[in-house]
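Each in structure tokens, the structures are laid out below.
Next come two complexes, and both contain subunit A; in the first it sits with subunit B, in the second with subunit C.
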Partner chain A sequence: MRVQCLQENLARALSLVSRAVAPRTATLPVLTHVLLATDNGRLKVAATNLEVGVVYWIGAKVESDGAITVPARTLSELVTLLPADKVDLELNVRTQTLRVQCGRTDTTIKGIDAQEFPIIPSPGEQPLARISGSALKKLISQVVFAAATDESRPALTGVLTKLDGERIIMVATDGFRLSKREEKLLEAITSDAPVTMLIPAKALQEVSRVIESEEDVVFIHLTASHGQAMFQTPRANVVAQLIDQKFPPWEAIVPQRYETRVTINAAEMLKACRQASIFARESADMVRLGIHVGEDLEPGKVTVSARADETGENCSELEAITSGKSMEIGFNVRYLIEGISAADSPQVVMDLIQPRSPAVLRAIGDEHYLHIIMPMNLPGSNPT
Partner chain B sequence: MSWESVIGHTWATQRLRHALARGTLGQSLLFIGPPQVGKTTLALTLAEALLAQDARGQALIAQRKHPDLLIVEPEGANATISIERVRELQHALQLTPMESRHRVAILADAQALSLGAMNALLKTLEEPASAAVLILTATSADALLPTILSRCQVLPMRPLPRGQIEAGLQARGASPAQAALLAALAQGRVGWALQAWRDAATLQARLQAINDLLRLLSEGLTARFAYAEQLAKAGDAHIRAVLQTWQLVWRDVTRAAIGCVVQAGAPSYGETVRRVAEGVSPETAAACLQRMVQTEVFITQNANARLALDVLLITLPRLSYGVEPLSFNASESEEHRSATTVPAGGK
Partner chain C sequence: MGIHILPDTVVARIAAGEVVERPASVVKELVENAIDAGADDIRVECLESGKRLIRVTDNGSGIRADEAALAFQHHATSKLRDAEDLSHIRSLGFRGEALASIAAVSQVTCVTRHREENSGTLLRLDGGKITHQERVGRPPGTTVTVEHLFAHVPARLKFLKSNQTERSHIDNLVTRYALAYPHIRFTLIHEGRVYFQSAGSGQLRDVLVAAFGGEEAAQMVPIASDPLATITVSGFASLPSLDHANRSRILLFVNGRPVQDTRLAFAVIQAYHTLLTTGRYPVAVVLVQLPPEEVDVNVHPAKAEVRFRDADAVFSAVQRSVRRALLDHLQPPEAPSALPEAWRAQLAATSPAAPTDAQPASPLQPQAQPPIPGSERWERVGIARQSSSGRWSLPAAPAPPSPAASSSSLPALRILGQLATTYILAEGPEGLYLIDQHAAHERILWERAMAQLDLGQVPSQALLDPIPVTVPVSSAHLLETHLETLRAIGFEIERFGNNTFLVRSVPAIMFQDDIAAAIREIVADLEEGDAVLQRDVEAKVLRRVCKRMAIKAGRVLSLAEMQALVRDLEQCESPRTCPHGRPTMIHISVATLANEFKR
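Entry: the complex of A and B
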């Protein structure tokens, strides 16, 4: 293998694939390496941790074909320090070493045979669906954060992704909150039946990272074995292993009615929540929301308060459009902040039934986002 | 590493191949057998049948580097498998396979799982993800939780007959004389025979233990006590290895004393056993064997090694004649050795 490419391209490729590199404690040493391979006149840079694989192609002058894997950390640390110039990569097949020449530096790095690197499948001829980069980025940013991070219920570490006709729906939950968004695909899916996949949340974060421009069109593929989902952008391909588990029936917990409806300014609400969170730290992040429905022509208001025995207490009052009956309800303030920030809207609506029922958050002017938060028991309320 | 290359265990391989062909292979399997009997080899062979699609896959499995093959072995100073390792395994197992249709996990020496790790494993064993196959190996069923046993398809693996080990070694290129001696001393553990074939020191250690026994048989108490003192310092693992070798000898001597033909192909070893048997009654030989087993149990249970060995050696019968020490003559095998084989164990 003899290849010439630009330092900035190589550095960019290495940084984009870096999060798919396995930690140094990995059982297979080759997983801590990146694969460098020539591919149709381009240089392919790939990494995988057996959960998500990221492949990125950069333009290069290929003099002869070949492939090798080298330690990801060593190479990326080196490449970021190289001058912005042409980089020559040359593989010595006999010793399995990679020679990196740039400007006046000359480096050789010991590698592992590319044969040992897991095969990352390439996308097939016909994609399952096409979606605009901006729509996919928004889906991921509004849903993925709600997935569970601990492994006790593996199904909840994934994001349920359903493609049905011209729609794509993503749902994630950790048991305390649930986030859902729906988007339109560029055209109907090529499969007759709807397709449902459970994609690891970490993999979708990588997908979001490789979408370089909002105008990019992303092709979604499913491998023949139905074991992997692929997200192909013009220059990258992210391959996610699917989670082989059943996602809980989430539709059943979406409340169908409400008793109290609050419409509130998102920025003011976020500020109030952040203030309250300082005092909520010692009481399991709990804040108390007081919703006061105005009588006749009186405007409604919402109070956000938290108290800590050691630190003190805080209470903010906000104007709001309220309807239904007044109530007090407790929430984990972190979930409130994340749910409202993800709505990405100047105004949010909150629908409540009673202090022990899940609350629904929506964005005004964007009916595709839905967020559900389980309330917390208010101290002093009836402990049944 | 095809099914045919597995030495012995015909029953086990046939059962697994049958289950594979009919699609009735369980997703949680447990291979139980003494150390070095071939449990991990069989597990890897099964993994290959499940995972490898081409020569590259076969090579990766042989090097234990296949992306869909997860191997967990005891590690650290206490040689245990921690709950963290089990959690990592569970995370990997709930994902779809990378290159093949399965993800295979081999938990070697599952008796080394900590109690917490065993409990954490229960749910995975009971309801593995659809592509997952878990293969546990263990030296005895008693060391595992009954709840683990009841969740696995158990495949017992017995020590192999000497003939099978001998044939297996010869098929791999060992000379007939070498193969016969290694098979005679292997206690039915094909893994030991293969290791001793490649590594002369392993064979030498076992021969040394036998020769020490032969020498002590014609020596008086002074020499025996001196030997016990020395051996007691060598550490429990070494003492148990010596006692196990002596059990092998006494088992064969007992058989020879009651007139059985000892099925040991190696002429020198068979000869030695017969010579010892001439001087002892069948009852004495059987009692000796029993005391060897008992002493090993005592040592495992933290008895004072020096005392236990003293008692054992006092009761060892005394022969009025000397028995020629065993030796493995390298030249004996030289003429049979093909040019490509691994160097034979010599003196």
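Entry: the complex of A and C
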């Protein structure tokens, strides 16, 4: 293998695949490596930890074909320090070493035979669906954060992704809050029946990272065995091992009615929540929202307060459009901040039933976003 | 065989069997008599662990010559007059059984002289019958010699244990009484050699030194309670640095009477809650005083057990007093050594927060205190060591020092790094501290949760979708009975079918956990339970929750995380042990390092 490419392209490729590299404690040493291979006149850079695989192609001048794996960390640490210049990669097949030449630097890195690298499935002929990159990126950013980060309930580490006709719906929950968004596909899916997949949240984060331009179109594929999903952009392919678990029946959780409806300015609310969060640290991040429904012509208001025995207390008052009955309810402020930020809208609506029932957050002007947060309570206090 | 009345000799022996079980019982009865007689010098001599001879000599009031023979009759006593007196017994004995019972199973020689009489009396009895009586001379007091115990009762003789065992019973007994009566000088002699002697100085500390040795006595702190309360508690309790494998070293006395009471012993153990590792028990001498009518001593033949009118009040008085003694003494101030002086200079130069010499009025400045004897050894065990020199580095805040600040027993620590992704290495004014990140975090979470529980405000986070948990059928009822208690700490659980429960909310700190597994662990904890009070159950469950949520060993921590952790630990009341009693840190002093490097 003899290849020439630009340092900045190689650095970018290595950075994009880096999160799919297995940690150094991995049992299979080759998983801590990146694969470098020539592919139809381009250079393919790939990494996988067997749950997520990321492949990225960069333009290169290929003089002779070949493939090698080298330690991911070593190579990317080196490449980031190389001058912005042409990089020559040359494989010595006999010793399985990669020679990296750039400017006046000359390096050789010991590698492992590319044959040992797991095969990352490549997309089939017929994609399942097509979606615009910007839509997918927004979808992921509004949903993925709500997935569980610990492994105790594996189903919750995944994002439920449903492709149905021209729609794609993503739902994630960690058991305390749930985020849902739907988007339109560019065209109806090629499958007759709706397709439902449970994709690891980590894999979707990688998908988001490889969408480089708003105009990119992403092809979604499903392997024949339905074991893996693939997201293909013009320069990258992310392969995700699907989670073989049952996602909780989320539709039953969405409340169908409300007693109190509040419409607030998202930016003001976020500021109030961030202030309160300083004082909520001692009490497991709990803040109280007081919703005061105005009588007659009086405007409604919302108070956000938190109290810490050792630090002090904080209370902010916001103007709001309120209807229904006044109420006091407690929330984990982190969930509020994340849910409201993800709404990505100047105004948000919150629908409440009572202090022990789920609250629903929606974005004004974007009916595709839905967020549910379970309240917090103090067992000593009486629900009002 | 028809029914008939037993002859007197048989009746006497049966009765004796209740009171006199082994040589130690004889010693007990005779020592109690001596104490009741107002003696302040009691001498116990034994040959062959009391099997051949027991002699108890006192300088008490003695017995009048004309009453001496009567004393060996059944139900003969000077301590009780009528049934009314039984309800407020102030003496150790009261039944009038002891001497008669002893005499029934041995050969007894009694030499006594009443304080107000000119000559004494010598009585010799064999099998309960007086065989000899004469007038003799001796100083006031009584000597009772018991020989050939159980010679007439071969069955009992056969059941006696080895000399070693019988002797340890006698040793335990005499030391117990010596502890209960520090103003009496006790001398214990085996085979002519003095094995134990208390000073009779009236100071319990002196008896402790004699009974337990100076090293252990130095690790025990006095217990004190409100002297005006109806129930007063005094004595000594071990610091967490001194423990024992079983409960046998928790010595309990009620109105000067050694008693065995599992509940009271448990009260003492409870006071060490979170300070001792599971399976280790404290060493304690606990003297409870309460009005005689509040306690019934007439429930056990050997008077080893008593019954309280208000057992809960006694229980909580003991627990509170011992706990307070521990908390007060876990941070004994001591004189600043030369080393922290050097540190002070260094820190003042590097840290703007450190008070300088220009602020001598700071209440946080160390004050010269007399060094505590034995404190050098405490340093090794680390628990008891609290140096006021550790406080100088607290910023001299304009606010008066809060109780939290003054009880902080950790000096300011500078993080050096993480070891084996499990321990935080920190440098303090007195050397190196190795902090177990899991145990430390557990302690922080636990104290925070307990503080919230005290306020009745444990935040609870509702679950979007209730989680079903199946517990073993045998535990279902147990879990159900504790649902209310669990609710108080944030678990909202309801029964859902036979042994399935639905979890609707969890304590807010459990935001990342396998809830079903946690509930099953909690149920297992409850099953083990010897927790009596609701509060104990709550504490137990919270301990489990905190253990699960504390950062695990093996997690890489950033410097900022470690700093936050140590800062939070400094705020804790008992930063040196985790809620399960394991140490959170090991301290290696500069002196130890210098020693190891042979500098």
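Everything below uses one rule, namely that the second predicted complex is superposed on the first by the 379 of 384 C-alpha atoms of A that agree within 3 Å, B and C clash if a C-alpha of one lies under 4 Å from a C-alpha of the other, contacts with A are read in each partner's own complex, and residues count from 1 in each chain.
Here is the rule we use: a contact is a pair of C-beta atoms (placed from the backbone, for glycine too) under 8 Å apart; a residue touches a chain by one contact, two chains touch by 3 or more.
From a predicted model like this one, the values you see are computed outputs, not experimental measurements.
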Combined model on subunit A where subunit B meets subunit C, clash or fit: fit
Touched partner set for A:309, first subunit B, second subunit C, both or neither: second
Which of subunit B and subunit C A:286 touches, first, second, both or neither: second
Partner chain(s) touched by A:30 [first = subunit B, second = subunit C, both, neither]: first
Partner chain in contact with A:376 - subunit B first, subunit C second, else both or neither: second
Partner chain(s) touched by A:50 [first = subunit B, second = subunit C, both, neither]: first
Subunit B versus subunit C as contact partner of A:166, first or second or both or neither: neither
Subunit C, subunit A and subunit B - angle at the middle CA centre, rounded to the nearest 10 degrees: 60
Which superposed partner A:176 touches (first subunit B, second subunit C, both, neither): second
When both partners are placed on the shared chain, which of subunit B and subunit C touches more of subunit A: C
After superposition on chain A, the shortest CA separation from subunit B to subunit C (Å): 9
Doubly contacted subunit A residues - partners subunit C and subunit B: none
Contact footprint of subunit B on subunit A as seen in their complex: 27-28, 30, 48, 50-51, 115-116, 118-119, 151, 154, 200, 225-228, 241-245
In the complex, subunit A residues that touch subunit C: 148-150, 152-153, 173-178, 248-250, 253, 282-286, 309-310, 330, 332, 356, 358, 372, 374-381
Touching residues (chain side subunit B, partner subunit A) in the complex: 56, 59-60, 63, 65, 67, 70-71, 87, 90-92, 94-99, 101, 129-132
Footprint of subunit A on subunit C - complex, ascending: 404, 448, 451-452, 455-465, 467, 487-490, 492, 505, 507-509, 511-515, 517
